[in-house]
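Chain lettering (A, B, C and D) follows the sequence in which the chains are written, and residue indices restart at 1 in each chain.
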Amino acid sequence: MTATTTTTTAPPDIVRVAYVDLVVTDLDRARAWWVDLLGFHVEATEPNALYLRGYEEFVHHSVVLRQGPIPACARIGFRVRTPDDLDLAERFFGERGCPVQRVPAGATLGLGPAVRAVDPLGFTIELVHEMQRVEPLVQRYDLRHGASINRLDHVNIAIPDVAAAYDHYTALGFGLSETIEDTSDGTLYAAWMFRKQTVHDVAFTLGSGPMLHHIAFAVPESHNILGLCDRIGALDQAHYIERGPGRHGVSNAFYLYLRDDDGHRIETYTTDYFTGDPDHEPIRWDVHDERRRDFWSNPVVPTWYQGSVGVLDLDGNPVAVREQDPTERTVTVGADGLGVMVET
Amino acid sequence: MTATTTTTTAPPDIVRVAYVDLVVTDLDRARAWWVDLLGFHVEATEPNALYLRGYEEFVHHSVVLRQGPIPACARIGFRVRTPDDLDLAERFFGERGCPVQRVPAGATLGLGPAVRAVDPLGFTIELVHEMQRVEPLVQRYDLRHGASINRLDHVNIAIPDVAAAYDHYTALGFGLSETIEDTSDGTLYAAWMFRKQTVHDVAFTLGSGPMLHHIAFAVPESHNILGLCDRIGALDQAHYIERGPGRHGVSNAFYLYLRDDDGHRIETYTTDYFTGDPDHEPIRWDVHDERRRDFWSNPVVPTWYQGSVGVLDLDGNPVAVREQDPTERTVTVGADGLGVMVET
Amino acid sequence: MTATTTTTTAPPDIVRVAYVDLVVTDLDRARAWWVDLLGFHVEATEPNALYLRGYEEFVHHSVVLRQGPIPACARIGFRVRTPDDLDLAERFFGERGCPVQRVPAGATLGLGPAVRAVDPLGFTIELVHEMQRVEPLVQRYDLRHGASINRLDHVNIAIPDVAAAYDHYTALGFGLSETIEDTSDGTLYAAWMFRKQTVHDVAFTLGSGPMLHHIAFAVPESHNILGLCDRIGALDQAHYIERGPGRHGVSNAFYLYLRDDDGHRIETYTTDYFTGDPDHEPIRWDVHDERRRDFWSNPVVPTWYQGSVGVLDLDGNPVAVREQDPTERTVTVGADGLGVMVET
Amino acid sequence: MTATTTTTTAPPDIVRVAYVDLVVTDLDRARAWWVDLLGFHVEATEPNALYLRGYEEFVHHSVVLRQGPIPACARIGFRVRTPDDLDLAERFFGERGCPVQRVPAGATLGLGPAVRAVDPLGFTIELVHEMQRVEPLVQRYDLRHGASINRLDHVNIAIPDVAAAYDHYTALGFGLSETIEDTSDGTLYAAWMFRKQTVHDVAFTLGSGPMLHHIAFAVPESHNILGLCDRIGALDQAHYIERGPGRHGVSNAFYLYLRDDDGHRIETYTTDYFTGDPDHEPIRWDVHDERRRDFWSNPVVPTWYQGSVGVLDLDGNPVAVREQDPTERTVTVGADGLGVMVET
């Protein structure tokens, strides 16, 4: 893919990351996991798809799960401020030489007209303005269950070139909240970027890619995360827990990483901070600071440095993965905590 | 005061409510309360003033406490997106016939040039773009104490005409998140309006005014609020607790209302929801729904329906209060919970 | 009833309060409340009875709900250390002129042979050694729900003579942990007494009686109680909440009082303290200390000072209630918090 | 040491584990750690010793820290029910051929007359009845800090023969609550035994010994433990955290293991369950069940399977350590979680 580095058009005004469209290989099993265990609300069902949202989402969905042959991330969705931003989006990606498509309202249940593009990083993204408003469930504590999922908070992508991702999302108008870098030579290992007034809508993890690293959902308080761990332990399904719970250095959020049966990595996440001031300045962590990924310095599980699933192009075909080595893991595992984790 | 109801200029782009400038009658006593008990960080001190911020505020202060003869709210501060918004602010308030002043950088420690105005509701507000950036303290858990104050969340004002306040802040570009109204006749008892992507920056309580009703500070989790209650109990100072803790119907936040020694009403507040979507729709509560102010229907203390302290004009003189009756209290106390609270 | 005040026999070795046997007027409705909402585990069902336990109870039940014509407390059960303690129990109550019965194993599902007596205070109590052991559910977080009920913690009874209750339970070998008294004249308004190593197994509230005041169940943490309030609010059933949540002065526990549809008062309760040392000394609260019943000085709802339901004699007939006035309410309401609660 | 296996005398009636007497190499540094960071109350100081207690302890101390040349556990203290139990203790240990000493009141500040013995496992233990009562601090939330230490909960010892420890403490009248064993061959890897009505007063970890493994302190709720981690992270002292936080399989408690500067291992611990019923039955975990030590199957750090510090004999001299291999670690590391921890 060739991406031009200049553009003469204003980028679309992206409000926030809004949804992910994922492929799972067993929809019934995925429903049990995402809905019964994790705690999503089912907004709509189709024979081959489930439309899910959190209890503080006022629009149709933040996750689509579709039955398919291999686990994948089909699309990452962003909401734009006005219908006109779709035109800006088409031009923005077109000027970068990206494949771009317009899709009509209803191409996805609950969504209005959209623009799809394969971005310079290799991810299929979708921009939409209209999202169907649905019944508020914020205070339906009688329905909340699992980890009491509030809303999609962010998407984290694995890519071989973090600096390129930073440049691309900067062009799209994203702000930078935090980085992990080698402060001695400037190598960028990870970055967190935002449109909405939280620490991020999208973050980048250095690694083989393009792959989805994880998607994160905001929950009310840390005890909701501990309670989820307890339920997973009770079900003797602790293999679903990959890392945590713990406090992030980056973002200050309390976190837990899970893997579903298809390998999708999901984070439950709570209490990061406000980034909406006009001159918000990024916090830069050195890659050798053991607290950057776990503020209590608990070691990062090596598998965590890998992407979770591959991504699909506009035709729904898998995008080839470019291998990347070294990664943040290479320079840090062995420095994390008391010991080294060795994969079995 | 005469306020025109039309304007030809765009309003300034307000980012958020940013600070309050308060008068206290005993600065040492106020420091003990706001800093030692409540948990603020002291950013700067002057002989007659204290500059306070929460641990997730990256700028100089969100509260100024100044020694003075009577408790009052001297100014409510809003941050604007660009320096040019100060010009827009001057024009916006000028067109409404409001007294307007420009004040130079440094008129308040830590602040750049500002515009002050007495708004059509009778409150002195200040708009500023430049705020001095200071050391991030988000993760200084070694310093956090008290209720672990994160940041100023909102200001609530008491006024005799909620509809006028709604109109004024709508003109200023604020969105509406929730209301309390008589759904049978449309009487507006209270409204919550926002610029940042939370439930509110400013809210209105029907009552004698213009008066400050309360200022609210975000804290990390509900246990931080319970812990503050426990410390207050241990000190045998429970008169500082006016109402709560509890869960709000409006905003869904977990709350506690305190009164300091001067009668300033302070709320500690946590976990409201995201309002940043472009078509965010307000939630309307009927004034007779007992859950609107406490989702568990615990009765509202009658004193709570009164403003806390008066406000000052541009010269620092007290603004006359216009009495208002009936209020939300009139139509609801007796309907709250199991009984009626009678003042002693 | 005539009670002798001396005895020549050792009292039975009571381990703890173990269960209550209650009458409800609509068993299906009671099941929805106790099981679905409050969070009990159903151990067994019969056409006219439900046997419930908490998740940290290893024996058959701590609550029996039986269909009947009027809400009542049929029996309060205590577990004794050995089978021989049943003989001691029979003698202990017999020497006091109390009606005493032996009941065979299985008279109540899950219980071995028992001794029933109407105690000098007018309550039917039952002592049992054998209780059927059942599957441990401590870590069945997949089943825990509602307030995550752990275990029966204590029973609180309303009686016109607290000093007599104190004397009686002292004779039964109970220790005293806390009191509410008029420290100027020694009037005893309430007392907390224990056999197990917590603050109490039984407590006394001055009032018309004999009546059950409330039964309390231990839950893991305060957030379990807040979560129950939120669910009740979501169901728009806040009339179930009578008082709280809050922190007790007495016992230091975090609490919430509920009333079920039959008027049974239930407390959810967490984190009191260890009382097992041989020389444990009581803490004495003055009746005028506003923190005694709520450490944050939130007012006590007047209805709370009344018993919840009447008690039954050995034949299942209601025991006459002796009216008592004044009560703790008489001397304190108006002194609590900011105002006075007036019943509507 | 030769221990006889029979005895003709009743054991002393031990109420609970009551204190530990520890040697630290830098008392000022230890004070900063135990008091300022961890959250103990200082009851008394001497030039070379500190006497500490938790906020729910009503007696003089539960920890003594003494300045000395090498880190060690000088004594583990148990409280007995009556003064006569000291005679029983002297006989009990004498009959087992253990070195026994009587020490007068005041030999340790705050303690009455005591019996010291080197038990058959090689640990110096002390039994005492009288402990000086001090001011209750349960509700001094204004003083509570750090992890809000409530009380000493248990002591865990490392020994090469868990079955012998089980036999010894059974003879002393302790009940068994849980075990880790190889259910295929009956090998006992660990056991938890109690006198007070919690999961344990003392537990055994298979390993080189006699060594102290850890001492555990009850705290109110899980957020107190998370808050301690956050403060340690803020101070950039994460090497103090050895393992956790997490949920135990055994005991169901929420836990965190710390090491102080001398290598003493301290656990903060909350919400285990009641064990006071007369027929309480142990829960037996298979050594291969990954949830036994962390219910969420997070891997156990290998260092955790080692004792923390050595023990002293009656003359204060170090007791020789008998090496033990294999341990639970040998048969389980590699089976824990996703990977294997390798020491660096």
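Methods note: a residue touches a chain if its C-beta (ideal position, glycine included) is under 8 Å from a C-beta of that chain, and two chains touch if they have at least 3 such contacts.
What you see is a predicted model, and the numbers here were worked out from it, not measured in a lab.
Trainee: In terms of CA centroid distance, which chain is the most far removed from subunit C?
Mentor: Of all chains, A has its centre farthest from that of subunit C.
Trainee: Name the chain pair with more contacting C-beta pairs, choosing from A-B and A-D.
Mentor: Between A-B and A-D, the larger count of C-beta pairs in contact belongs to A-D.
Trainee: CA centre of subunit A versus CA centre of subunit B: separation in Å?
Mentor: From the centre of subunit A to the centre of subunit B is 34 Å.
Trainee: If you average the CA atoms of subunit A and of subunit D, how many Å lie between those two points?
Mentor: Computed from C-alpha means, the inter-chain centre distance equals 44 Å.
Trainee: Among the residues of subunit A, which ones contact at least 2 other chains?
Mentor: In subunit A, residues 139, 221-223, 230, 233, 249, 295 touch at least two other chains, as defined above.
Trainee: Mind pulling up the subunit A residues that touch subunit B in the complex?
Mentor: 15-16, 56, 58-59, 79, 81-82, 129, 131, 133, 136, 138-139, 150-151, 196-197, 220-222, 249, 252, 271, 273-274, 276-281, 283, 295
Trainee: If you look only at subunit A, which of its residues touch subunit C in the complex?
Mentor: Contacts found on subunit A: 139-143, 221, 223, 227, 230-231, 233-235.
Trainee: Quick check: in the complex, which residue numbers of subunit B touch subunit C?
Mentor: Listed in rising order, the residues of subunit B that touch subunit C are 222-223, 226, 229-230, 232-233, 236, 238-239, 241-242, 245, 247, 249, 254, 290-291, 295-299, 301-303, 334, 337-344.
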